[in-house]
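So, here's a batch of structures to check.
You will see subunit A twice below: alongside subunit B first, and alongside subunit C after that.
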Partner chain A sequence: MTTPAPGQAPAAPTGQIDAVERRGDRVFSRIAVGAGTAILVALAAVAVFLIAQSLPALWAPEGSFRGTDGTFWDYVAPLAFGTVWAAALALLMAVPLAVGIALFISHYAPRRLAQPLGYIIDLLAAVPSVVYGLWGITVLAPATVPLYEWLAENAGWFPLFAGPASGTGRTVLTVAIVLAVMVLPIITALCREVFVQTPTLHQEAAYALGATWWEMVRMTVFPYARSGIISASMLGLGRALGETMAVAMVLSPSAIISFAVIQSENPSTIAANIALNFPESAGIQVNALIATGLVLFVITLVVNSVARWIVSRHERSLESR
Partner chain B sequence: MTQTAPRPATSSRSAGAPVDGANAYVSGRLPRWAAPGLTAACLGGAITVMALLAAAGAIAEFSLVLAIAIGTIASIVLVTAISLMAEGRRAATNRFMIALVISAFVLALLPLVSVLSTVLVNGSARFDLEFFTWSMRSVIGEGGGALHAIVGTLQITAWATLISVPIGLFAAIYLVEYGRGPLARAITFFVDVMTGIPSIVAGLFAYALFVLIFGEGVRMGFAGSVALSVLMIPVVVRSSEEMLKLVPDELREAAYALGVPKWLTIAKVVLPTAAAGIITGITLAIARVIGETAPLLIVAGFTASMNYTVFSERMQSLPVFVYTQYANPGSDVEFYLERAWAGALTLIIIVMALNLIARLITRLFQPKAGR
Partner chain C sequence: MSKRIEVRDLNVYYGSFKAVEDVTLTIEPRSVTAFIGPSGCGKSTFLRTLNRMHEVIPGARVEGEVLVDGNNLYGKGVDPVLVRRQVGMVFQRPNPFPTMSIADNVLAGVKLNNRRIAKSDAEALVETSLRGANLWNEVKDRLDRPGSSLSGGQQQRLCIARAIAVEPEVILMDEPCSALDPISTLAIEDLIEELKTEYTIVIVTHNMQQASRVSDKTAFFNIAGTGKPGKLIEYDETATIFSNPSVKATEDYVSGKFG
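Our next item is the complex of A and B:
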């Protein structure tokens, strides 16, 4: 805009001195803007290409999908159910555990040990999912068989544990356990972050009133961290929904909707279904798989957005304090 | 005398006369060693009883996990009950919750120990020279290795890093140094969205993109790199952004005051100051994507042969190698499983090493505190 003559300071009519524009500055800022825009373009491309590739599947005639005679929606319904169901079960196990671990690290363990203990839990996140899959199928699944048989015998009246128990242990409950282990480090790390931010004065005030350790936690840490725990769980849920290989390797899938968690017939998940069938698919099958991927994308998008919304609302309420 | 259930401390204010078990200050308190001692006793007892039962043939086999589980539950119940009798309800609740919190931590260690030990034990069988110098071409049954997969993983990840780091770093620079207004807000929001993209969807995206260019059924290492960069960019942006924000404004202002142009300030002052943190973030991002299986399974495919070019043909990668060895075994299943475990061990070692390097960088190059 202003190209001042050499040796002369730029005019400042409004009392503000305009910065000298150099070519380096212009190039650098354009690169930066370009990089930012590239991210937006990439995301738009993700959406456009996925939609373009999945449209043929939405209008495909009935009976062109594996395992069903119906339309695309009949095809995706059991998969979407299985995805949500396995992730929800995993979360049910992981959240109480993660809150406990985070409490142990942030408020019970000696302060010097807090960081090393946190690293140990973070190690769980360093294990690749394909290794969890291998572990789940060779170690965990066989180990759970006696438990499932016992459950089917003694708790079979409860619809979730209805028999007959699977003889291989490759059930949705085993998958949920593996998923719980995988999302545990994420939820724990996020919970720890909010727990340690609890104002020390609140905690000391609770102790001064004669509260026990647990009463202190209930009175000061939990109210402060409630939204943090919720959003951490939602982010963990998002991760569990999209997890692929562990589910693909452990679960023995079928195209059904069933709440029973220890039988040998289990609803598969969207991600696992794609991984298992994609290499051998062609034509409309590929379009169908991409369309299910789009459904998965939408589900995780909704879950993550809710989590972010909770966080931002919480941050605003903290600022207004 | 403390056996009578103590009432809440309110009655302790009545006169000065000692009331049996009612006064919080004179009511019983378990000695410090009580809880750990009882726990140790319960665990030891459970293991002993279980071992004796197993030796006597009353139960099928000795299971350490089951014994520890029973011992833990017994000790929690026992400690809570004794505390309830001796110390009162509040203290008992406290002890119960502390026991639960500690058990939660120990419970989380079980899968970690189990995974690591299984991988180490099963993986060391084929963790030999042949594994790192052979491909799987024309190998049926025994022998063979993962050289093609290791080469593939290194190349695919290197290309993914080459794509993600410039874009991610410059996007972070834009957000911290330039970003105002709707574009910055949009980028922040969509980077958040991108963080949540499931890895398999990233794979589908890369496939959908490359199908447009190369036609149906495309498989190529570079498509895998594109898929991985979709997963990697948001991680790089987030971590770099945080590190750039940590650079004190005084440094920037000092540079401006000396007449240094903005871009040189960023390149010569801001980036070097944040370099350690940024490199740590990039290392962690690499560690995150190097173990990704699903997107590579979809777009890079799998093969038994060496392939040194990412721009053509199928390319094996280490995670997909582990998966295919497990999923498509030949007639001698054990050899395939051994290779799968050795691949898993290699993968874990790589990821752990990357994590360790990241921590070392932070520790060694961190600007000294208190400046």
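Our next item is the complex of A and C:
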């Protein structure tokens, strides 16, 4: 409304124009504001809880933590490392595969194959993580033992595959494979969404210049989808960082920091460590576990902020063009 | 650098739908040929069969022959990728690659298939191509800026520069001015006039003044009704089509009495 409705008071002397307020608009705007506030309140509540409960552990004397006689930081360091390491390995395997699958579905497969494949991928996301854990411990871990032995023998010079190989297969690499399977659906689904939105105009431009299928993908689909791929990977990473059950079941943990992925001594992850130790903890040990939760919270926050920053920088550089 | 195109008994299908029926025509080298006709009459579809771009659409297929200097584009073992390198295309809406600079856009086709090009050659090619597209003077100081920073008309000329950089024999233009203002349209039309000294040009247009201004020969396409295939109704010198056509439908269409 640019003019006051008949019978209404004339516009305020400040020059502001009173828009007519409709009840529906008011109700929905309140609901929206309420929803937005609720999420902030929930986040703040979690943060306050974590910080308040963590403080005692942060100042606790040396030797009050399980598996180390150092301070809290000595306690959390291998866990934080294990968390990031397992998630990074998982992402390293999952992202190329997910991009490949998404590309197959969006640009290569005939429609009657692409759609069922999309459903199957989505179905993977619906499998509970405890089932992945069972699969990892009963199927994947034993199956990988010969592979790990082979790797230790033939690729042992490479620090990641340094021997001796684990006899049970319950290593960080097995965990990473399970995690990769778990994060695959979300990354694939998001990548597919972005890939199919690549403007036909650009794809045709590439073809008309004599591009092959792969060249077309590289010239148009990937540049267009870059920020989408990053966002998708970060969502996957978030899930991998926080995954508890599958890791707790598969991994045989030790409090070490090691890049070797096929040995029997592996760093545990924060989430799995909390799940395993919480039932038997009391007093300062509970505070310590919550403090590790705070560290996980911070790691996730940092990872997401960095991803946001990368994506927004990319979008800005596209807009300024 | 330009070649004669002979089309013989060409039918185009989208799945089971016949989009274009029984087209036979010959396009002379170093000439501009315009395709006119109402929307949906198959002229764009037909244009795309001249460099096999219709194959990008699932289910599209062709019967008949398209000979470029005697070589059938639809012969056995002919690679559509190589066909498109010979027969370039400019689209309805300007479509420079948004993440590439102006110079990279020009070189996009040249760098395909892992072909390497020396830096000095690349710079020279960018300049000749942009000069060829009448764009050099406007962009020579900002070659590293993104292609999408240009105006619509400049972007379309950038797309033409990109097409001629790969030195095709033929350039197909699918309503190249329909998204442009009159000034930019004029710039493109002037450019077409210059390009025809070196290339065979085929242009689809809805603008009959444009067809009469730029083309040497004109082909009129029409459909009998929705769901029916498009047909070539008349193909002749542009002057004849617009002043003294031999088919009544052509006369109705070019004089605006259509429908």
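By our rule, the second predicted complex is superposed on the first by the 266 of 321 C-alpha atoms of A that agree within 3 Å, B and C clash if a C-alpha of one lies under 4 Å from a C-alpha of the other, contacts with A are read in each partner's own complex, and residues count from 1 in each chain.
Please note the rule applied: a contact is a pair of C-beta atoms (placed from the backbone, for glycine too) under 8 Å apart; a residue touches a chain by one contact, two chains touch by 3 or more.
All figures in this text were calculated on a predicted structure; none of them were measured in a lab.
After overlaying the two complexes on the shared chain, residue contacts for A:Met219 are found with subunit C alone; subunit B is out of touch. Once the two complexes are overlaid on the shared chain, A:Leu134 sits against subunit B while remaining clear of subunit C.
Of the two partner chains, subunit C is the only one touched by A:His202; subunit B is not. Of the two partner chains, subunit B is the only one touched by A:Phe104; subunit C is not.
Looking at the shared chain after the overlay, A:Leu160 reaches neither subunit B nor subunit C.
Once the two complexes are overlaid on chain A, the subunit A residues touched by subunit B in the first and by subunit C in the second are 210, 212, 215.
Taken together, the subunit A residues at the contact with subunit B in this complex read 19-20, 22, 24-25, 27-29, 31-40, 42-43, 45-46, 49-50, 52-53, 96-97, 99-101, 103-105, 108, 117, 120-124, 126-135, 137-140, 181, 184, 188, 210, 212-215, 217, 235, 238, 241-245, 248-249, 271, 274-275, 278-279, 282-283, 286, 289-290, 293-294, 296-297, 300-301, 303-305, 308.
Put simply, subunit A touches subunit C in their complex at residues 110-111, 199, 201-212, 215, 219-220, 223-224, 318, 321.
Interface of subunit C with subunit A (complex): residues 51, 53, 56, 58, 81-82, 84-85, 88-89, 91, 93, 95-99, 108-109, 112-113, 145-149, 159, 162-163, 166. Touching subunit A in their complex are the following residues of subunit B: 9, 24, 90-91, 93-94, 97-98, 100-105, 107-109, 111-112, 114-116, 118-119, 122, 166-171, 173-175, 177-179, 183-184, 186-187, 190-202, 204-205, 207-209, 211-212, 216-217, 230, 233, 237, 261-264, 266-267, 287, 290-294, 297-298, 301-302, 319, 322-323, 326-327, 337, 340-341, 344, 347-348, 351-352, 355.
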